[in-house]
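Encoded as structure tokens, here's the structure I'll be asking about.
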Amino acid sequence: MKYGILIVSHVPEIAAGVPRLIQQVAKDVAITSAGGTDENEIGTSLEKIQQAVEQNAGSEILAFYDLGSARMNLEMAAELATKKLRIYDVALIEGAYVAASLLQAQVGLPAIEKQLAPLKIKNQE
Amino acid sequence: MKYGILIVSHVPEIAAGVPRLIQQVAKDVAITSAGGTDENEIGTSLEKIQQAVEQNAGSEILAFYDLGSARMNLEMAAELATKKLRIYDVALIEGAYVAASLLQAQVGLPAIEKQLAPLKIKNQE
Amino acid sequence: MKLTLEKYLSWINEFSQKVIDKKDYLSDLDSKIGDGDHGNNLARGVTAVQQMLTAKQPQDLTAALKLTAMALISKVGGAAGPLYGTAFLEMAKTSSQTTELAELLTAATAGLQKRGQAKAGDKTMVDVWLPVTAALKNADLTSTVIEKAVASTKPLVAKRGRASYLGERSIGHLDPGAVSSGYLFEALLVAEDEK
Amino acid sequence: MKLTLEKYLSWINEFSQKVIDKKDYLSDLDSKIGDGDHGNNLARGVTAVQQMLTAKQPQDLTAALKLTAMALISKVGGAAGPLYGTAFLEMAKTSSQTTELAELLTAATAGLQKRGQAKAGDKTMVDVWLPVTAALKNADLTSTVIEKAVASTKPLVAKRGRASYLGERSIGHLDPGAVSSGYLFEALLVAEDEK
């Protein structure tokens, strides 16, 4: 499978819940997630993110996150990973939902990114 | 307390996780949530929403949801409730985070709504 | 045509049976352009309707419509819950003024559109409720009208509900809510024939 | 000024001690305009740094800087983790070419800005790293320079990090990352004095 989806949240419950929501509309899409710190406190863990990248069956990863510090850890993971990571500054749940349903419908990446564009609400300069 | 925050998601885990994320930056804000169907399947439950409205210490509720059918149940809850519900068509996690942190900082509703406006990504005609 | 309690009960029973029979088909349709639960959702809903009607034995049409609405609203769990629920609730409200079916359905369809904000052509159940209501007003509701309305959703691009996220990819699939609404109105024709 | 392994170790030890002493204060600052964990995050980080340095006994500056970076990156859990981590990682990389402190900090600050996209005046730790680096280049880093830089964050509107959600309401509060960065550079002055 080419593309997989990665969810990174500060909260373990959100990281568990979003895949449940989107897997329902994307049965065949690889979805993994990382949530919370190593102690499952609120925060993010580079190690958990790296594991979620490795465990993802996709060879290229579309990554979605909640808050800015998750993005920074995602970037570090991207720099250390052998797989390509694409980080989207879109609404976490809604963006991941769109990406998952379009991947399931075998829509190509350019069309997916076009549909994600209006959901960009983060990291604006 | 005047305003409370209500999170409605199709997934119980998301409904548990978002309050964890936002309560951390809004210690004094009333936050309740409803997630999943009565059987904790993916979906929403009017009854759970009504309970979350009642249990919320706020006398006026700022409500955030994930997908459109949650909005419809929220509207039904709004029609049946004695409290005023304001439903925001914004990114769930990011919108609730903004509202919670601003309520905690005792920002007034007009300023909060102004800051929510760019996060509106749902229900566009 | 006037709706009576008796006629209503055979209508809703007929519909319930059909939904339960077609549960898997409806969910399959929904899995193409949604989350694959429409049949399960509605089956859970109509089962609750049956239980409510049996338990409460409503003595008039308004009460029966209201019980139906409540059961659907509280048990369906998906978009179909507030949508069908609102439709039946509006019929219940209107039935205290008139029992003319065309009027009941006019109110129901208006409620449906208020709840879901869908217009004609958005590829939703509204695309069945609107033409059926129009046909009833002219007293010429037939299976053909219903079938045509249901089939009309196939080439459309979804603008509302989960299918709308698929954009163009929703083309070529029947809308599950339109199909279940088709069953509702076919059931009405069957109930009418029984009279 | 050239950084040696010995000097670096007393610098980082001094900083670690300070962070642990001021843990609650840093978290209190963060609870005003963030999520109230900056002190706990950093304390967890520097504790891991101490453990790593003790366990691995690095034999050169580059290795020591790299271990510091790794410990911070993996243990902090908040924005400060990738930010401080990247800063020390850039110092580690640069230290194989030069041990001139001004050069190391130039690389560190550039890394920090790349990681967090913050500019001067955005009310972040960058508002301390930039003037401190500039002062080091002119060989006139003093406590006054550091204090002024930290204090400069108070009247600013946050543009990056969690505090940015508060907009105008972030005015009047010190940035916690700026304060902890102030400790880092005060610790440097102490380590220098020890020479």
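Think of it as A, B, C and D in the order they're written, each chain with its own count starting at 1.
The definition used in the following text is that a residue touches a chain if its C-beta (ideal position, glycine included) is under 8 Å from a C-beta of that chain, and two chains touch if they have at least 3 such contacts.
Every value quoted in this text rests on a predicted model; they were computed, and no experiment measured them.
The set of chains touching subunit A and also touching subunit B is given as C, D.
One finds 29 Å separating the Cα centroids of subunit A and subunit D. Centres computed as Cα averages put subunit A at a distance of 37 Å from subunit C. Subunit C and subunit D, compared by their mean Cα positions, are separated by 62 Å. Residues of subunit A in contact with two or more other chains: 24, 42, 67, 97. Residues of subunit D in contact with two or more other chains: 35, 37, 162. Under the stated contact rule, the graph of chain-to-chain touches falls outside the line, ring, star and complete shapes. Every pair of chains that touch is listed here: A-B, A-C, A-D, B-C, B-D. Those residues of subunit A that touch subunit C in the shared complex are 24-25, 27, 97-98, 101-102, 105, 107, 115. By the touch criterion given at the top, residues 35, 37, 41, 73-79, 81-83, 85-86, 115-117, 160-162 of subunit D touch subunit A in their complex.
Across the interface of their complex, subunit B is touched by residues 31, 34-37, 162, 165-167, 169 of subunit D.
On the side of subunit A, the complex with subunit B involves touching residues 9-18, 20-21, 24, 35, 42, 66-67, 91-94, 97, 118-119, 121-122.
On subunit A, the positions that touch subunit D within their shared complex are 37-39, 41-47, 67-69, 72-73, 75-76, 123, 125.
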